[in-house]
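Take a look at the structures listed below.
Across the two complexes that follow, subunit A remains constant while its partner is subunit B and subsequently subunit C.
Take a look at the complex of A and B:
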């Protein structure tokens, strides 16, 4: 038979052409939301700092600022690694323990010279990061559990090294390590310079290298990234390794600053770092964020702490109340903006 | 002159998943510049074949020769680098990244320092998209584009990677007619430049518009291949569905009595002009009490969507659902359930049973509000309901406390049916009620459907099993591309007429007397 095709009417009367292709939201509101998301924390930081310097004479002094900068430096380095992890959609709870372990290892190793004191924590913490990454990427375990285990394990190793914290290793004066932690260049503490250098490098890596693109791609849509040929597993291993390395380095620098490996440090630091990253505009669900935001987040947390210290009458416990409340506000704002922008 | 060498040759490809033989010795040959239609119903093996070709799955047996060399891709990246790109049905890009970054992910242009060259990236992205008739700001996140434009970005990405073979898996499912035209012109350009295209679609018009050759898969095997022009629509549909037009058929293969139910009176369900963007275009269906209405059509024709739209699981752009004379608020499943509509979903595992719970708990799940008072569940009432349905549906379980996950597929289906019957529905929407269950259970489910209709329920039956659809339904409404293209009633409810309607062929009077040799 002949295939006389009479096309059946596929359009029913009264049908309207679907117009689902119009872009979601106008470009202007899109840009505005993006601006608030990325730089909202910076605006708040500027406002809080301005108000603080007008209210307290002791806030905008050279001593106080340099103090804040140095004490921010260590958390900032940890938050830098955390930013990469969170942009891939992961989380790293082990960084607080690695920070403490890195400090102890640096102090312990300092008797063998500065090189050992720096390389030992980097090697050990980096290795733990690699294991975290392999378990998350290859064994497909939940990052939360994997890094929780690493957090407990690393703390155990550190306690074993220090005889349950009874032994404290000191870092001798006049070493390069002590200078790295305690000295200053052009009036700015050396840890601050190290931190700034790391952030510049981090920003370049994240924004301008293929690895950086893959970090965003994995967090944005892991399955699609894999189908598009991005090395998903390798990217994940690398971000956890980076996070471990940076936590170890921050710990070592902190020990150099304090001239000893203090075992009680680092507890809860992972949560502080996560808060700073989120406050800085990085989405906890991954795919969006920037290292400069995390730096701003760290500074904001530290400034709030400092301001509450300045108000002599307030118990320092309120630091945490304010930080917590602030984090809640940021997350609510992010979710709200995200819904407007349909981030998911 | 020798015929042009094949760009891709697949021989004897097999792939088995636990319990399913997804591919069984499949062959496929592609020449440069060939646009090849790959078709088959659900479960025919198309997706598995594509996934093997693109390195997502590894075959158990068989070999793939690409550009004269044997290949075995272990990741999508390898396949892409070799020159096989894929566009997936759902846009598979990264919404938060910019359009340009999506286009270049994995092969970003770099400066001498090894850093990304954004200037070049944006320029080239812009050019690539303009070539496909898309004008957007490539710096904007992909998310800000419409679905059609996103699909064009995926297309531009696929063809920009020096592909020799481009696989398109239902690329038009979210495109506007205008965008489909753009896609076709891109495909023609690909053909001219010697790129082979594998085109997967259920839309017959599209296949005949762009494809020269065709491979039909059924149950993991290649059942037909050759020039598409040599096969008319009816032939294509019957090959796909596994029905030989000259085949002698005997009736009574199913357990349906074949009697038409005494359907009378006002419709218990009247759905009018159901419209869901890209899915349904003004579908109307009416069901009277005691009537079994079949929904016919190919995969993707809108059968499942119609059932979901009626049950409130898909938000409607427009259209009304009236149950027993009372209009239903659209887009609300609870409202539909309250009104007496029950949907037995297509995918038992993901949308139906809770395998870790017992038979009793699974049956009572939806009806709990009816079986409880002041928020407390009445155990006695649950027992009564469970007991009734276990007996009535002949559910074979060691006890009502056996976990549903341990039951056979057929019994799981019966448990689901019991769950919805416990709601005392007026209308039962059955989406592939007998898929994947054994013959005995299938017969029992079919018998049950008959009994339920005889009890006065209105039933909407969706089935890819033509016999089941024909023998089980009093009427068959035929869908194609999301619209009603015909309705078969009375003696017209035959496989022949059904396939002609699906294919869009008018029945040629006296041309084929299929039943002539029937006893």
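Take a look at the complex of A and C:
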């Protein structure tokens, strides 16, 4: 990644450009804090992975790595949508419910053909995303309360569809959908390919398109963005729609992978996705962040989970403790770095 | 004539809206009571009211703390995790007697509140993020301390959960006393005034020389302590400690109660009566739907709609 690319979000509208009369040393330390903020997670991921592969024989095996990659894929897709929302300064708490709803809809729809199974979750979850976006952008309601209500409502719809969670729809073995979820190409699971493709597309959209610039502008300073003529409301509606669509797609893929629409999934997924995005260096105040960081954040969470599973004596609830502690450390570090940069 | 009519029409509309924001929740509770009296058999019985009140008591207690936090323009997502933490700590230390166990619970809860408050007040992290960390980690700690459901056999705890004075369960009395206490603190004490001033405008409060950081830390500690009280009471009623599911989605119910009760998310204003009524409203709505054999999924959808409507109605006043 070149220097200009890394610097792009720091000069997003709303942030004061660096004072030109500043001494050189200060500029250097500013660049260093930016580097730590944006790539600190990657360094930690590399270190944790190295230590884990040296400590556990079973960590760096092909099976384990491909297992980790596939189980990361679904969370990563959700985190991609969340990255867009958080860069605009919002938050989407409904993704866990939409993930579950998407899975159930895909499994239910698979009786009527693959097309229905793929389009139905996208349509429904996208529509809920549109409603979220309209309530946030047009009615100016707080994002967390709107998406909290959507989280409840979507889970309600999912339960209503499945006879209060008692019925699990299955996906036939020989369908295209099952192949999409369970098959692999060149030795790598299909969900991983889908995830990689989506992240490349997401990075291009965020960096190279007008919409991407608007996303940064809205998150950097909403009023300034509006004054510059950026379509603030439309951008917000679009990011919540995108988040809904991706959560639905991730749910559908996950259902295809599991061959059934499991109703108990997705609880707490919004927290994991937000944690991954924040750990990846995206600021919750908006205006700063990148999708590759979110991917690193997801991988870091999954690697930590895997390590804790490898240490047989540790209960899986330690993972929550570690994730929570990690999140707190990252947030403190980010706030501290951000403040130093602002003060120069 | 026409001129005055034109002038009063919009005035009346804003007045109706303002009235609805402040008293709509009471009207909603009254309406549900009337509707239920007509359509639900055995609704007007003391037994039914006691059941409803006992069920709503923990939500009310958590919502009181949440109202204080929201009054400072914050939010506390960790209340459910703190309830779970309280449940597992109660189970661990009950062997030393109820009172020592409660003291240890209070220490743990105060620690959790301190962590939240310090992140918000001293580090300057947004409240949603600061409390998110403890929401994720707190339940993990609770499960590490007590991995699964454990039955509790302690006469003192049992009487706390199911005892009653003059037919009124302790749970209801405790919730009512706490509501009165918090209402008094908000309305009549310096601390309450400072809290609202900070919620109104933190920079202004800072410039006015108020102890902003101290007040914020105390608010988050109080919120965590109230959540712990709710956790202990729920555990006492269950006669079992259940860190896996106790307090799940409690942050949601508490925020809903506060918002439906007419406390704006933008801070600077707290309605304790409204918060209690908000919790009662959601409880009655759920009970009505369940009594008429509508599945739980419908209750969730209905709750979602009520939240959005309440926030939508409150938005005009929240904007300053």
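Assume the second predicted complex is superposed on the first by the 317 of 344 C-alpha atoms of A that agree within 3 Å, B and C clash if a C-alpha of one lies under 4 Å from a C-alpha of the other, contacts with A are read in each partner's own complex, and residues count from 1 in each chain.
Everything that follows uses one rule, which is that a residue touches a chain if its C-beta (ideal position, glycine included) is under 8 Å from a C-beta of that chain, and two chains touch if they have at least 3 such contacts.
Only a predicted model underlies this, so the values are computations on that prediction, with no experimental measurement involved.
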{"item": "Touched partner set for A:231, first subunit B, second subunit C, both or neither", "value": "first"}
{"item": "Which superposed partner A:223 touches (first subunit B, second subunit C, both, neither)", "value": "first"}
{"item": "Touched partner set for A:336, first subunit B, second subunit C, both or neither", "value": "second"}
{"item": "Subunit B versus subunit C as contact partner of A:204, first or second or both or neither", "value": "first"}
{"item": "Which superposed partner A:60 touches (first subunit B, second subunit C, both, neither)", "value": "neither"}
{"item": "Which superposed partner A:287 touches (first subunit B, second subunit C, both, neither)", "value": "first"}
{"item": "Contacts of A:213 with subunit B and subunit C, given as first, second, both or neither", "value": "first"}
{"item": "Partner chain(s) touched by A:311 [first = subunit B, second = subunit C, both, neither]", "value": "neither"}
{"item": "Doubly contacted subunit A residues - partners subunit C and subunit B", "value": "none"}
{"item": "Touching residues on subunit C, where the partner in the complex is subunit A", "value": "75, 115, 119, 123-126, 128-130, 132-141, 143-144, 147, 252, 255, 259, 265, 295-301, 303-305, 307-308, 311-312, 315, 319"}
{"item": "Residue ranges of subunit A touching subunit C (in the complex, touch as defined)", "value": "91, 135, 139-142, 144-146, 148-153, 155-160, 164, 268, 271, 274-275, 278, 284-285, 315, 317-325, 327-328, 331-332, 335-336, 339"}
{"item": "Residue numbers on subunit B that touch subunit A, as the complex places them", "value": "54, 56, 75-77, 80-81, 86, 88, 92-97, 101-102, 105-106, 108, 110, 114-116, 118, 137, 140-141, 143-149, 157, 176-177, 179, 205, 232-234, 273, 275, 277-278, 281-283, 317, 480-486, 501, 504-506, 508, 511-512"}
{"item": "Subunit A - residues contacting subunit B, complex", "value": "1, 3-18, 20-25, 27, 30, 204, 207-210, 213-214, 216-217, 219-221, 223-231, 287-288, 341-343"}
